[in-house]
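First chain written, first letter: the chains are A, B and C, and each begins at residue 1.
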Amino acid sequence: MYKIRADMISWILHKITGFAIVSFLIFHIWGMSQMSKGPDAFNAVIEAYKTPLFKFGEVLLLGAILFHGLNGMRIILGEFTRWAMDRHRLLLVLTYMIAGTLFIIGGIALWRAE
Amino acid sequence: MQVTVEIYRQEAHSGASHFDTFVREVDPTDQILDVIMEIKDDVDGSLAFRKSCAHGVCGSDAMQINGMNRLACQTLIQDLKSDRIRIEPLKGMKVLRDLIVDMDPFFESLAKVKPYFIPKTTAPAAERKQTIEERARFDDTTKCIMCAACTTSCPSFWSNDNYLGPATLVKAHRFIFDSRDGGDRERLEVLDDRDGLWRCHSIYNCTDACPRDIEITKAIGDLKRYTVAQR
Amino acid sequence: MSSRGSKGWLLQRISGALLFITLGVHFYIYHYFMGPGMWGFESIGYGANDLETLRLMAESDPTQARFYALASLFAAPVWKVFDILFITLGCYHGFYGIVANIEDMVTHPTWRPVLSWLTYFAAFILWVMGVVTVISFNPQLF
């Protein structure tokens, strides 16, 4: 078993969160297409969103987007500047920390929202 | 001190594999290479592995030591901070026997980027001059000893063995950023490929694995930016 | 010289960076700024007449207020442009990411291009679905 390093974990998480977000994108575009069918069809979708299962999914989605977005910016920075490459470990830790903090704050807020 | 050494064994013909365990009395300053050579001499003469210089120069004894690609001749017992040592062949390569892997695909990949000087101009009367800055640009990547530790530490290579691999990209870097060299276009043609540069996802396993401390991921970053700017 | 990956690599980074910004705006506008009953869009560009119609519609049926509030935003030309940009970026970046994963893992000479093209095709279908929804949307129909 090859040793799993922090950069490798971020690469795997980037893939997983990417797939999750694409799945949601498909679902979301379909949900929005229900708007064209008028208030009733749309509200049916909105009601479904309010069930605990969907709320839980929403919180996970927030986490996925936060990580994928911030880690993505880190990747861009790292591949375009030698400056960031010299500090890739620090930037990685920062990515996890910022994403984690925002996830906790935002996740609680989302879960509590009506 | 006493260490327990687990070594991967594979038969050449049947391909059957298992781990052999040896308990050895060692000094903390012994090389891993010392330990496996003693095992071969004293306990089991059938143990197969590659080595030559024993000083981190020839690049023949790269192997997985406790889950990391290292040169056996450059890794000391005390570096491992553990009394259990697990030794496996390089990952993602065909094992021929025990710790010996088939290096042919690795060298074929290197050959693809033309790892030799392609002159830009016809030979001048004296030597081809280069400034200190021009030389410094590719200094890091001249240090490669082609041990394959980087390529076989790369998850992209594990899942796709058509991928050129970090070692090949390091070689390309060494010549592309040489001001005297004129082979950029042919090399970029090879690098800008679905199995070339773009399979690198900056995972840094290669940089971590390199026994010569080449900053491989950084070199690949240079190549990516250069390739995008050129094409 | 033809590109075999370099353009895709660059575009993936550009679209990623743009998505970082547009997703922030999208999320802020639709899920925060536009809470139910919050007619916050007044300041961000929808014609007053139509707005008045929508407000009347919402008042006549308060349970549907959220729909009308969202609908008014969804119908504003500036947000139509924004949404189309957003859908385009999302579809491109997301599905190219899947193609990159296919190229990472699938080495079979037939399956690799087949799966990649299927992915591009799926992206196109989804993109058309999204763009048609955005363009054809007209709240006056309800």
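A few points about this structure:
In this section, a residue touches a chain if its C-beta (ideal position, glycine included) is under 8 Å from a C-beta of that chain, and two chains touch if they have at least 3 such contacts.
These numbers come from a predicted model, not from an experiment.
Compare each chain's C-alpha centroid with the centroid of every protein C-alpha atom shown, and the nearest one belongs to A. The chain pair with the larger count of C-beta pairs in contact, out of A-C and B-C, is A-C. Separating the CA-averaged centres of chain A and chain B is a span of 35 Å. Chain centres here are Cα means. That of chain A falls 16 Å from that of chain C. Chain B and chain C have CA centres that are 45 Å apart. Among the residues of chain A, those in touch with two or more other chains are 75, 79-80. Touching of two or more other chains is recorded for residues 201, 224 of chain B.
Among the residues of chain C, none is found touching two or more other chains. Residues of chain C touching chain A in their complex: 13, 16-17, 19-20, 23, 36, 61, 63-64, 66-68, 70-71, 74, 87, 90-91, 94-95, 97-98, 101, 126, 129-130, 132-134, 136-137, 141-142. Within the complex, the chain B residues that touch chain A are 64, 66-68, 91, 153, 155, 201-205, 208, 215, 217-218, 221-222, 224-225. If you check the complex, the residues on chain C that touch chain B are 1, 3-10, 100, 103-105, 107. For chain A in complex with chain C, the residues that touch the partner chain are 15, 18-19, 21-22, 25-26, 29-30, 32-33, 35-36, 38-39, 42-43, 46, 65, 69, 72-73, 75-76, 79-80, 114. Residues 156, 159-162, 185, 188-189, 192-199, 201, 224, 227-228, 230-231 of chain B touch chain C in their complex.
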